[in-house]
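In the two complexes that follow, chain A is the common piece, with chain B as its partner first and chain C second.
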Partner chain A sequence: MSVIEARRPWSDTAKAYALNAPAMIVIALLVAYPIVYSFWVSLQRNNLKRPRAKRFIGLENYRSLLTDDAFLSALRVSALFVLVVLGFTVVLALILALVLNERFRGRGLLLSLALLPWAMPGVVNGLMWRTIFDAKTGALNGLLSQLGLIDTYHAWLTSGTGAFFFTAMAQVWNTLPFSVIILLAGLSTIPSELYDAAKVDRAGAFQRFGQVALPWLLHPLLIVLILETMNAFRAFDTIYVLTGGGPGDATTTIALLDVQTVLTFTDFGLGSAYAWVITAITLLISIGYIGLLYRKGNFEV
Partner chain B sequence: MELNRRQILKYAALGASLPVTSSLLSACSSGDDAGGASDGTVKFEGWDYEANLVQQNLDRFRQQNSIKVDYTPITSAQYVQKVVAEFTGGGGPDALYVYDDSLAAWVEGGYLQPLDGMAGVDDVYAGIFPGNAEAMTYQGKKYGLPYYTDSNSLTYNAGILAKAGITKPPASLEELEAQALKIKNAGILEYPIGLPAQLSDTWWSWVWALVHGSNGNFFGTDQAPIMNSTDTVVKDVFAWLQQAANKSKVLDPASLQLLPVPVDNAMKAERYAYTIGARYAARDYNDPAKSKAAGMIKLALIPSLDGGVHGTVSNTRMYALAQDTDVKDNAFKLVTYLGGLDADKKPYTAKFWFMQRGLGFAYKSMAADPEVTASLKKFADPVVYAKLAEIARPRNVLTVPWYTEFEAELHKVVQQVLSNQTTPSAAVASLEQTATTLKKKFS
Partner chain C sequence: MTVKVPLRYRIPWKKIVLYVLAIGFALYLVLPFYWIVAMSFMHEVDAISVPPHWIPSSPTLENYLGFVNPSESQALVGGRANEETPYSLRNSLIVATCTAVLNLALATFAAYSFSRLKFKGSQVLLVLYLITRMVPGIAIIIPFYLLMRSFGLLDTYLALILSYTTFALPITIWILKDFFRSVPRELEEAARVDRCGWFRTMWSVFLPVAAPGLVAAGVFAFMTAWNEFMFALFLTSTKAAKTIPVVAANFATDFNTQFTVMAAAGVLAVVPPLLLALIFQRKLVQGMAAGSVKG
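Entry: the complex of A and B
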């Protein structure tokens, strides 16, 4: 009897591991290793400008965040940014999804147009809005001026409040389509009989939305909330191009501060600590969402 | 030979891995080249200002010396970060451009080697302005040969001033505001003053120029912050900026969205009457092929708080030699060609840059060169130009390792002042706190 014939066949589990091994190795090398390494770096004093001062300092970078004014300010800005972006995104996405869920002429075209911003990279989105908000040649100034709403052109991004609001709107515009798709998919799974039954029960439009559509949308909403919170918390490119974090630190979010700390100040230790804090906060918020909404959502009819 | 399934898979995997293996090997070999190839090629890096002209000058060097140069221009906005990353990864250049504000950190990082004792270096340092020599020296050692230097001026459009009936540039900040108001009230320009005040990684020379212009400083000689002390120059300059931006509204609020190039373009399009920037920009502004304002742009001293004292800020860009270069002799020849003196004891490249682009020079001898003065007269008043060089001072915190962090905070604070988000008193207090914290953190 040959050796091959004597070998016992692999179990399904072993085969599954063997077949997935190449992908798992690549993921470990390209994803897991950098993540673990960045945590290791966050435990060090590690500024490329001062290689001789590099050493292990434990949780000192994390402790320093508690008294780091720049970090605390960026955290406040980020939290507000998430609230504003999330609020506008969810409300607008719900409205758009409800509209697009109806049958009407031109629905396909409107759906295609609504998806367009999603295809746009953040930097391009930032550049486009920057052109629109330009103080000298911006389309917004031109439009408002032609409508007779303003006498002279305004520099919209030069006040703290203006810069924050317009940056948040640019972010909403970019990420809205994704939320619309998710909610539209959720709406399309609602059996029409439920609406019919609600109509028989003389439920109005708002009641049908509150009693029929919303419970079915809790799971899609959960996905939207988690992903959009993560997106807004990590928002960088649009803000960087539009305001660079200014005026002052009015739009300096934690992601922007992180990039500045790592790339401009070359402080990889502190920058990695910032990145881990962003991760931890996002994780906590996601767990909170799941705890709050997951059990309430019900696919059973 | 009959192939079974196992053999087919094995050969397929081998074949698939070949491109990866070969690219890894080639990456390794290119790393060798970067550290100095066996043929003596010098790996040279600089920010991307006029890369074609740099290459043109390097071609001349190659013809004269038979030394190959592998030149890589890097975008200015990312220059510092990319070079630091390269040195950290062990693949840095052999010779490179260095900003005066990066010198201390890069020496501390072990990226650069001193040039003391190398041929001709002492002659170079003896022939340049003391401020430039100081900017290229760290802890008593010489690290660079000069690329260019410049100081800031008030740059104004004499044509626009004339239309408003103004015959001479302002000497004080109060006068500058009054003149700008006159232009504004005459309906010539809504915002006569424009400054590049968008957050960026490069220094805001105009803030330093305004502070130095009134004989003030952010730091004392021991590099302790003095902006919030009895020396009120910084606070008063901030107060003037806030007033010009928010009360008299002569300073364009869109400045907060402007980088230097758009301000240059606005000056050339006659959309601003005044700005503060490097002297060499006047050459571009006065070029009829590029500028509507050609012939109208003049330089003046930086207006001060009292109109009596004057000063400005200077900067020095230099060529330096990497600590770990394997082609030290060739790299030093290149650095000498670019920043030093030629066989005739003349600074060829420094003159090349002035004649080509009007870049300021560190060599005292060039001020008397007839070709240089003739070229200078085409875009600036040589007397004002020389006076600005004479009164210019470099920033006195360039040797601290936390300079970049301070400069970034300065930008934010000045933006807050301009956009009325803070008061001048709070601004200087905030800057003092930042400097104190940074000093402690880096101690």
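Entry: the complex of A and C
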């Protein structure tokens, strides 16, 4: 043993950090540095179209946020978007996961189908729903009128509320699979004896769910809540393609506003300030997430 | 008091509810996608008819062929997006493949350390990786753009590959770490007894056994890169580097676009990730669950 030890000049710790070095360097250069740099830009008046006016202005960009109607509206839209998307996603994902946890013919097929929205790029998701919600030729209008539910075709995306709701629905379709998989993994850890015991006790389906499954599901449910909150909060692709933020600013979330500010108005200073607000909120949420993982002792390394 | 009904006369409510739900969900999941697939094989007249044709009455490949060889009307209407589609598919393929390879190269070492070595700060490091995964892309996009601009890397593959590597690296490490743990240690010990060096042991003993995990993690990285839109929107501007999501979005924001052509572009964009998802279904599901539930 000691001979082998002697032939290993590196301690495990040194070896581990050497192994991690490439990944750490890449992340330091491509994530840590840009984040700090972005904070620096957020303290500047920095518009590509007016390079001469570029200068350090301290927290001015942040102070302006408090009276920035576009920003406050976007924050409101984002918060509401998170709530609606989260509500629908969690309920639908829970039901679908419970269905997939049963044994029935076609289960494998349904599981494969459930991966379909997950594989779909957000942009394609957006343009897919655009053709579905279209006012003149959309599939939704066609389907509803053929079922006799509506008399005339509706322009689903022209009212603010309508656009908001249908955009949220498009987002739900796209993010559903991820939640389903996490919940399904949670369900599969429940020992089957527990179900059997509940059956012997003649517990009904709802009782079984409430008293056997739910306690085991709390942890995965919380994880779904946190991750989907983050996803919905930074949602961009689908909204950009489906409504472009309109009509008016009804679907202009904070992410959309940020991209507009930077790409259209080339205001890098203000855009960076927006980005930092998004980052701060996301970090708060992720601290909750990591705390949760630790608390449950699921964080074995 | 409920009346006891003999078992065989009982209506199987549970089964009924289960199948109704299953069919409902199946339709919900598949119908939207079916609609664009069907539309991509339709003539424009059929696609915009009221009431809609649910099945292409005279299926055509026109919309797909138009990308390579635009007819005059298509060239006029579809404009640049139409012409850029084949290039963008090539770009996406190159960028996503390189991202996957670079990710695996970087993550394998890191993941190995977490699965085999006990070292100080390993928990902190893992959490750090996790936090990087949480950082919203929008937070780093502005400095990234400015950096790439100053290095003259705008509109190149390299800019995209580098940014996608930062997205995918943390999750790749997390997935690989779990897969590596399931590889029995005895293998490496046997190799060490045979006096194989560490690199040789890794290359010819460890990695081949861990190959399924590597493939799954690579597929994850590939899909992340293939589907990404926001960075591609900022960093690319011509057909030299535009990826398929950017071109697909061009279709959507152009009011002249025919829905059928747009649908065809959408289908092309979704086929590669969809095929990968179906082929590697089990591993991907494991990976998704491992990346989140187990921490």
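Following the convention adopted for this analysis, the second predicted complex is superposed on the first by the 276 of 301 C-alpha atoms of A that agree within 3 Å, B and C clash if a C-alpha of one lies under 4 Å from a C-alpha of the other, contacts with A are read in each partner's own complex, and residues count from 1 in each chain.
As a working rule, contacts are C-beta pairs under 8 Å (C-beta built on N, C-alpha and C of every residue); 3 or more make two chains touch, one makes a residue touch a chain.
Here the structure is a predicted model, which means the values were calculated and not measured.
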Examine A:17 and indicate which partner it touches, taking first as chain B and second as chain C; both and neither are also allowed. second
Could you tell me if A:245 is touching chain B, chain C, both of them or neither one (first, second, both, neither)? first
Check the residue A:265 against both partner chains and state whether it touches chain B (first), chain C (second), both, or neither. first
Partner contacting more residues of chain A (chain B vs chain C): C
Which partner chains sit in contact with A:195 here, chain B, chain C, both or neither? Use first/second/both/neither. neither
Return first, second, both or neither, reflecting whether A:209 touches chain B, chain C, both chains, or no partner chain. neither
In the overlaid three-chain picture, which partner chain does A:49 touch, first (chain B) or second (chain C), both, or neither? first
Would you sort A:136 into first (chain B), second (chain C), both or neither based on which partner it touches? both
I'd like to know which partner A:62 touches here: chain B for first, chain C for second, both or neither. neither
On chain A, which stretch or stretches are contacted by chain B in one complex as well as by chain C in the other? 130, 134, 136, 244, 263
Can you list the residues on chain B that touch chain A in the complex? 78, 80-81, 84-85, 88, 105-106, 108-110, 190, 198-201, 252-254, 256-257, 271, 401, 404-405, 408, 411-413, 415-416, 418-419, 421-422, 442
Using the touch definition from the top, list the residues of chain C that touch chain A in their complex. 14-15, 18-19, 21-22, 25-26, 28-30, 32-33, 35-36, 39, 47-52, 105-107, 109-110, 112-114, 117-123, 125-132, 134-147, 162-163, 165-166, 169-170, 173, 223, 226-227, 229-230, 233-234, 244-246, 248-249, 251-253, 259, 262-263, 266, 269-270, 273-274, 276-278, 281, 284-285, 288-289, 292-295
Of all residues in chain A, which touch chain C in the complex? 12-13, 15-17, 19-20, 22-24, 26-27, 30-31, 33-35, 37-38, 41, 95-96, 99, 102, 104, 106-107, 109-124, 126-132, 134, 136-137, 139, 142-143, 145-146, 153, 173, 178, 181-182, 184-186, 205, 219-220, 223, 227, 230, 233-234, 236-237, 240-242, 244, 255, 258-259, 262-263, 268, 271-272, 274-276, 278-279, 282-283, 285-286, 289-290, 293, 298-301
If we count contacts the way the header does, which residues on chain A are in touch with chain B in the complex? 48-52, 130, 134-136, 152, 155, 157-160, 243-250, 252, 260, 263-266
